[in-house]
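Here you go, one structure.
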Amino acid sequence: MTYIASRQFAYMYSKKKSLADLKEGERVDDIFVVKIKRSMKPYAKGFMFSLILSDASGKSIEYSYWGENEEARVKEIHDAIKEDDVVLVKGYSRIFNDRPGITTNPPDSIRALGRGEYDPAEFINPAKRPVQEMVEELKRYISGIRNPQVKKVLERIFIQDEEFLRKFSTHPGAIEIHHNWTGGLLQHTLEVARYCQLSCEMFPDLDRDVMIAGALLHDIGKMQEIEVTTRIKGTVKGQLKGHIPMGYRALANIMDELGTDERTANKLLHIVLSHHGSGEFGSPKEPMFSEAVAVYYADDMSSKLSSVTEFTKEEKKSTENDFMYHTRQRKNIYLR
Amino acid sequence: MTYIASRQFAYMYSKKKSLADLKEGERVDDIFVVKIKRSMKPYAKGFMFSLILSDASGKSIEYSYWGENEEARVKEIHDAIKEDDVVLVKGYSRIFNDRPGITTNPPDSIRALGRGEYDPAEFINPAKRPVQEMVEELKRYISGIRNPQVKKVLERIFIQDEEFLRKFSTHPGAIEIHHNWTGGLLQHTLEVARYCQLSCEMFPDLDRDVMIAGALLHDIGKMQEIEVTTRIKGTVKGQLKGHIPMGYRALANIMDELGTDERTANKLLHIVLSHHGSGEFGSPKEPMFSEAVAVYYADDMSSKLSSVTEFTKEEKKSTENDFMYHTRQRKNIYLR
Amino acid sequence: MTYIASRQFAYMYSKKKSLADLKEGERVDDIFVVKIKRSMKPYAKGFMFSLILSDASGKSIEYSYWGENEEARVKEIHDAIKEDDVVLVKGYSRIFNDRPGITTNPPDSIRALGRGEYDPAEFINPAKRPVQEMVEELKRYISGIRNPQVKKVLERIFIQDEEFLRKFSTHPGAIEIHHNWTGGLLQHTLEVARYCQLSCEMFPDLDRDVMIAGALLHDIGKMQEIEVTTRIKGTVKGQLKGHIPMGYRALANIMDELGTDERTANKLLHIVLSHHGSGEFGSPKEPMFSEAVAVYYADDMSSKLSSVTEFTKEEKKSTENDFMYHTRQRKNIYLR
Amino acid sequence: MTYIASRQFAYMYSKKKSLADLKEGERVDDIFVVKIKRSMKPYAKGFMFSLILSDASGKSIEYSYWGENEEARVKEIHDAIKEDDVVLVKGYSRIFNDRPGITTNPPDSIRALGRGEYDPAEFINPAKRPVQEMVEELKRYISGIRNPQVKKVLERIFIQDEEFLRKFSTHPGAIEIHHNWTGGLLQHTLEVARYCQLSCEMFPDLDRDVMIAGALLHDIGKMQEIEVTTRIKGTVKGQLKGHIPMGYRALANIMDELGTDERTANKLLHIVLSHHGSGEFGSPKEPMFSEAVAVYYADDMSSKLSSVTEFTKEEKKSTENDFMYHTRQRKNIYLR
Amino acid sequence: MTYIASRQFAYMYSKKKSLADLKEGERVDDIFVVKIKRSMKPYAKGFMFSLILSDASGKSIEYSYWGENEEARVKEIHDAIKEDDVVLVKGYSRIFNDRPGITTNPPDSIRALGRGEYDPAEFINPAKRPVQEMVEELKRYISGIRNPQVKKVLERIFIQDEEFLRKFSTHPGAIEIHHNWTGGLLQHTLEVARYCQLSCEMFPDLDRDVMIAGALLHDIGKMQEIEVTTRIKGTVKGQLKGHIPMGYRALANIMDELGTDERTANKLLHIVLSHHGSGEFGSPKEPMFSEAVAVYYADDMSSKLSSVTEFTKEEKKSTENDFMYHTRQRKNIYLR
Amino acid sequence: MTYIASRQFAYMYSKKKSLADLKEGERVDDIFVVKIKRSMKPYAKGFMFSLILSDASGKSIEYSYWGENEEARVKEIHDAIKEDDVVLVKGYSRIFNDRPGITTNPPDSIRALGRGEYDPAEFINPAKRPVQEMVEELKRYISGIRNPQVKKVLERIFIQDEEFLRKFSTHPGAIEIHHNWTGGLLQHTLEVARYCQLSCEMFPDLDRDVMIAGALLHDIGKMQEIEVTTRIKGTVKGQLKGHIPMGYRALANIMDELGTDERTANKLLHIVLSHHGSGEFGSPKEPMFSEAVAVYYADDMSSKLSSVTEFTKEEKKSTENDFMYHTRQRKNIYLR
């Protein structure tokens, strides 16, 4: 089940059919996102170009525009399309080299839509838990914190900055693989907090406040690392710096401003820096105290279980095989 | 806090002072376990031998018996002591080469006690949760299973075989590092089950029955791999075969006997085989479906958190340093 | 040279031409095995589906059925074909996207054959040594064992259970790479035994009986891990559990039944568990005594030499290059 | 050759003999740094405690105070000593368990000196290049930068903040292994810059300004990661966060304040984050453009060559062996 | 900028257009190198064969000859072409399966040219520094050597054997990736020497003569490992033995002949053997003294910087993406 | 059983008691080898120095000379002793810091013996197979070679150079771990050849001549890498270059001289270079054809089996434990 905010008003164009359901030989008159744009090339009868189109289904399809022998005209169409644009495509679906494709032959055409002509929400997977319910759970965790220094940090970030909370609560958790949907980041954050809460109950030596705060803050750098345009994608700065250093810096600056005591600050920052467990996975420090160890395992468990259960659900739909190879995890997954 | 069953009757000798509290230069008249026995050697004034003694504190100490120049007599004392014996030692504590030691010089002596002369429970760390409380939690998990095939397996192992349950509920979870106390195996088993239970609540595609059963059964091979004499130690067969294959075989034989359907049997057996995650850590198969992934992460989280919190608690007592090196995990742990 | 049992009676259909010899543009009227079945899809002129076909040559080829615009009729043909079926195909060979393929256009068709219509032996590579000769060699090894406990185990498994011996002596040793032919498992088993026999002669401290028995038994789990239908393939249970734990369990149960003494049993079981050398390659225990080390190296040498010599022989036929990349071993092999 | 700033005034106590030159059986009346303090213990004749002492030679020595049987009095002496204190020690050197040691027996004693009683410079290795000469080289590099954005960043950090420059120019480069002396950080920084300058001359596509700035800035986080008290040591925050994230944050904040353009800022920050080459060595990002690759290799070459040449020089003095094992680099070094 | 020796005389055929600039649908009448030759196959209308053609641009293209139904005639054309031949091709460029290709249909044809009909220099990338300038720099390095034993070795190899110097100064440094152009080996050799020269200036303990000589000699085995025909390619012996052992042997034999003292000889040979740093990268010994460490890092820095800067330059031309995946280095490179 | 050539004549001093049998508190008047020499140091009553002594048992013992307060006199004694000397020691055995030691107090003394005063054979472990028998087996292998090119190489090395054969047939195979005794190299060489011979019988595609020759030649570089003085030790050149490149070069030079055809030469040289299997273990090339694969596995099997069986035999003597840790192989070995 998925939850979508009710649409405020009608858009001129809306998505008709998911790429996942497109069949060969159909008439296409639908909207897609431009994921990759390739340059224009001459061919036997004129000039052509190709694109990779995608939609919220996560599927991609190759698109070809086979223009006539008027270079300037094809160039004009080509130049008007940019990556991340939503395009209105008229043409036909076909199988080409065993792979599905969409072809436009004039007089059919393709054009980029303006911002107001479509609903961007149609291009991102919808939330899997109601956003408001998740926000309330987040607030309950914060109000349960007893250490005033820690509480102040969480309130400063998640409560007082309403704009941040609004964005944080709908941000996806990753580009692909796991929690890659509206609100995925908050959903993942709460899963991590819940595992940590349970750890507290079983290992009473753990400092609940530091651990829960670490859980809630561990991925805030993702707000800068990935962005949502018409699709979820990595920012340039995110690829060059990574969400771990960016989240570390954002948190450190806020705690400096708030005058958080050094021991607390060091612990929260260490949790952010170490939450991928080791250098091999991007953490410049390994977890060096119990609460950091707890957040690291909770993060790993939440993301890996999300990844495997989503993979299994998707693959079960499309194959009758007992096993399917999971490329990222480099092993077969048993689907039955 | 630790829980010990009330003693039934008095023993002739009982432990007076923990090795952790022994100071240099004290008179010693106490009982210890023989961890390692070394052979007898001549020295300037006669014949001597040394032992490594330990007790429930987990500390070990070097013991030396400096006998007189009567080979036969020293040999008789030496021959009467075997590894795992509980010995009554009279002598003095001393620092030798910067390390603590206990020395016996005649007429003081050392002798092995008989089974009835001491309480074996004094040599194993006591349970950290009341055993009965844990058994009830285990039974609640079993009664909550809906799949009759799975329930039958769990009842056959944990309910119908009372002798097994009695042993299982007091068995330690490991030789050292984590859950190495009376009832540690059951405590760890329940921690794994709880993480799995929480995973179910967040990832509803998971098959709760298979996962909880996998959690409860994953370590049953430990019943054969480690044994409790006067100390916790690995069995010879355990070192040659490992608890993963042994637990796999025990479970497979029982399910064959019960006629468990093949799909359920394969899943439970796969969980047992894959619960260490990869070949590097002793699993001949990596987890290949979601429930196996969940048990693997839960097992890892329970054992690592137990290990780090215990380490921190112990080290905080004995050092004022901010950091202490954790040999097993090959990193510094921050203690403040 | 290869050895095939003489055929008992004639089948209706038999293989005409190996896939390795199929040329482009030929008329095809032959039988193949269905390795992978894909779902039916609409195309410009109707409905089509594709299969991956194979035969004993080890080669695979893509097959396409381009049906007419009658969904029910194509569906009926498609539904009647299952993976592992032997199919009678009429059509043409062609090159499509630089890859070889077979195409059927109605009125030509494809249909699954019944069990009695073809000879299954045509789809598995024939034995490379006469099976009877190998069985005699196996029996000589067994009769040479002096330790009665060990001998009893071997006789119970290989001699008394004639059905098992019959299957064991024709089973393949692997799905691909090495010894993947009728009798390959026994041939490999004997190679391992011979290397061990030679090790005995050079290292007289080795316990010949334990080592030879370990060599003969090390791969018995393969009987459950792989199966031969119309092709060699992994079983579901084999993929979830692996031949090492399955062989371990089978052997342990038999030795329990026979009352084999614990030291002997531990040694033989350890050899089975450790014969892949390390966790990285699927052994939950590394070889911990000399005889286990000997079997591990012998197994590795037999399989790697078989793999490289077969690869070289095959590649020499199909290329004039000096070197050919061996994907599994991730290195170039010199062919001259 | 080493360079030391001339002493401003005389201190009450000064170092008499390096630990490297101390012989057994000598009278000791000298000053040392307390590296590790251990707790007080009773012994046969009273109460004792031990310390690890060190000095600028890099050598450490075990120290024992064997007090009389007056617990309060020994406790007072023990309590008055803290880690990093400079202590005035009277006693004798001796060999104990084959290791050198210093022993104090009353009436000889030990006491911590106050800040003004000794010259802290005596406890850190002196600079290997004149500090002023290095500062001038640094300034020449900065004045050679053409890109005004980049120049502004460097001037803000190294020129305008005189206090920072003063500290930066005398800071050590590491705790041990390489550049662990006064001014070592600046010396290493300039070595990296010189290799980069040479790379520019050979690979003209490199952006000199970005690369030289990256070289000068790459290790600024070391100012927070290590500190110089009476010895060079890691800070708590440094061990929990590391110089890479700390340097990244410091630089990012300054560039934000200066309004450095995003492309330039991203490049400089990426160089800081990636300069250890890979996650294994603490970099959350691998070098992703040529200038970052150049700084990474230059940093590695400077530190490894410094380490090996220093090791060789030291070991040549103390052994006649041809080879000596280099623990950090896990290989033998040839000394001839 | 590239430097080419002026052409001595005109050849009958010369290259018209680089493969990098070929557009779809163009008439082709040009010369190429045959990189891979595939066997002849029947197709619907006759017999065809395909080749992989390349030129100095480093690009490759698939070529297809679609002959008529006269097997003998097509075979004659096919048989006359060998790998490494330069062929004169008439036909058309086309896009086939989204990949560029060249097709010949009779009466157009293809034929191998004789040695005198084309200029081989057209098929190798031209030098990036004037060869003569590099030779002079090499000679300056040699004349700067003071140790007469070392100098004698260098003069024997590089000065007295003029034929060797002529070949060495135009040899490429690698098949692909870095310095894969005329004179690339010498250019790389001098880059390594320059980094070493700078290391000397900063680390005066280094033995300049041994290090510079090691730098100049480290890759002489490449003269045997790779060869230049109409393209740069690995020799059979090079693939079986590698340039490190071959260079080691060549140098050792010359030094034996010259009577170089053993210590010097050992050092130079060790530098050659260890210059890839570790076994993982082909060095049978890790660098064991400072000069070997210096040459290793210099070699790595020269080749990696060359590789990344060349990659960036090439990719910038062909994509507008911010990042491009570098297959060899397994990471994204940032191009802006 | 071990085989020693009968002694030709009596030496002045001979070994009285193996270090393995030395007990504490015994009078010592025996000969030992000086393995490590340490420098002279002052102590409370004068000047002392220490040595590490060893003998053929493989055991080492710390030796201390506690001289009087006459520096010149102790220095004279100290100066007269060099590493590898055989020394005549008078003194007492003792346990010091729990480790065995030998102490000399004047007037007892220590002095280095001259070459003729002792039998060097007493300090190396004796051969385990009669040397003459092994030489005959080697010759049979050579005479069984059919390929005249290969045979010529073997005869040139092993038959025509009698001096070489004499040394080769008594050389040890390694410094420690396996085959570290007189004739160990030839014994190991023949074990490798026998495994290869068996491989031939089972894999008839293998080229027997090339493989057997590769087996016989694979370790000839050990003749230069290790040397026998009064103990087995690595040469300086061996540590800097390794037996693989040295054996490669020696063989290559001989084959050049004989004019061996290139294909045969490449194959034999590749076998030498690749016989450690991968760069990690010192081979600059991995085995690239079947015969090289066969020699690699045979070498590994011979050395590992020798190592484990020797370890087991030794440890069984000295412990009653079931398991003993094998430091080199990083695992426990089961001894029962």
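As written, the chains take the letters A, B, C, D, E and F, and residue 1 is the first residue of each chain.
Keep in mind that, in the parts below, a residue touches a chain if its C-beta (ideal position, glycine included) is under 8 Å from a C-beta of that chain, and two chains touch if they have at least 3 such contacts.
Everything numeric here is computed off the predicted structure, so don't read it as measured data.
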Shared chain contacts [chain C and chain F, defined touch]: B, E
Listed chain pair C-E, A-B or B-D that repeats interface C-F [over half of contact pairs the same by residue number]: A-B
B-C against D-F, pair bridged by the larger set of C-beta contacts: B-C
Centroid spacing, where centroids are CA-atom means, of chain E and chain F in whole angstrom: 43
Separation of mean Cα positions, chain E and chain B [Å, integer]: 62
Sites on chain E at which at least two other chains make contact: 97, 236, 239-240, 270, 288, 323, 332, 334, 336
Topology of the chain contact graph, where touching chains are joined (line, ring, star, complete, other): other
Touching pairs among all chains present in the structure: A-B, A-C, A-D, A-E, B-C, B-D, B-F, C-E, C-F, D-E, D-F, E-F
For the chain B and chain C complex, residues of the former touching the latter: 236-237, 239-242, 244-245, 248-249, 252-253, 262, 266-267, 269-270, 273, 278-285, 288
Residues of chain E that touch chain A when the two form their complex: 23-25, 94-95, 97-98, 320, 322-323, 332, 334, 336
Of all residues in chain F, those that touch chain C in their complex: 191, 194-195, 198-199, 202-203, 205-206, 263, 270, 286, 288-290, 293-294, 297-298, 300-302, 304-306, 308-309, 312-313, 323, 331-336
Chain D residues within the chain B interface of the complex: 37, 41-44, 97, 236, 239-240
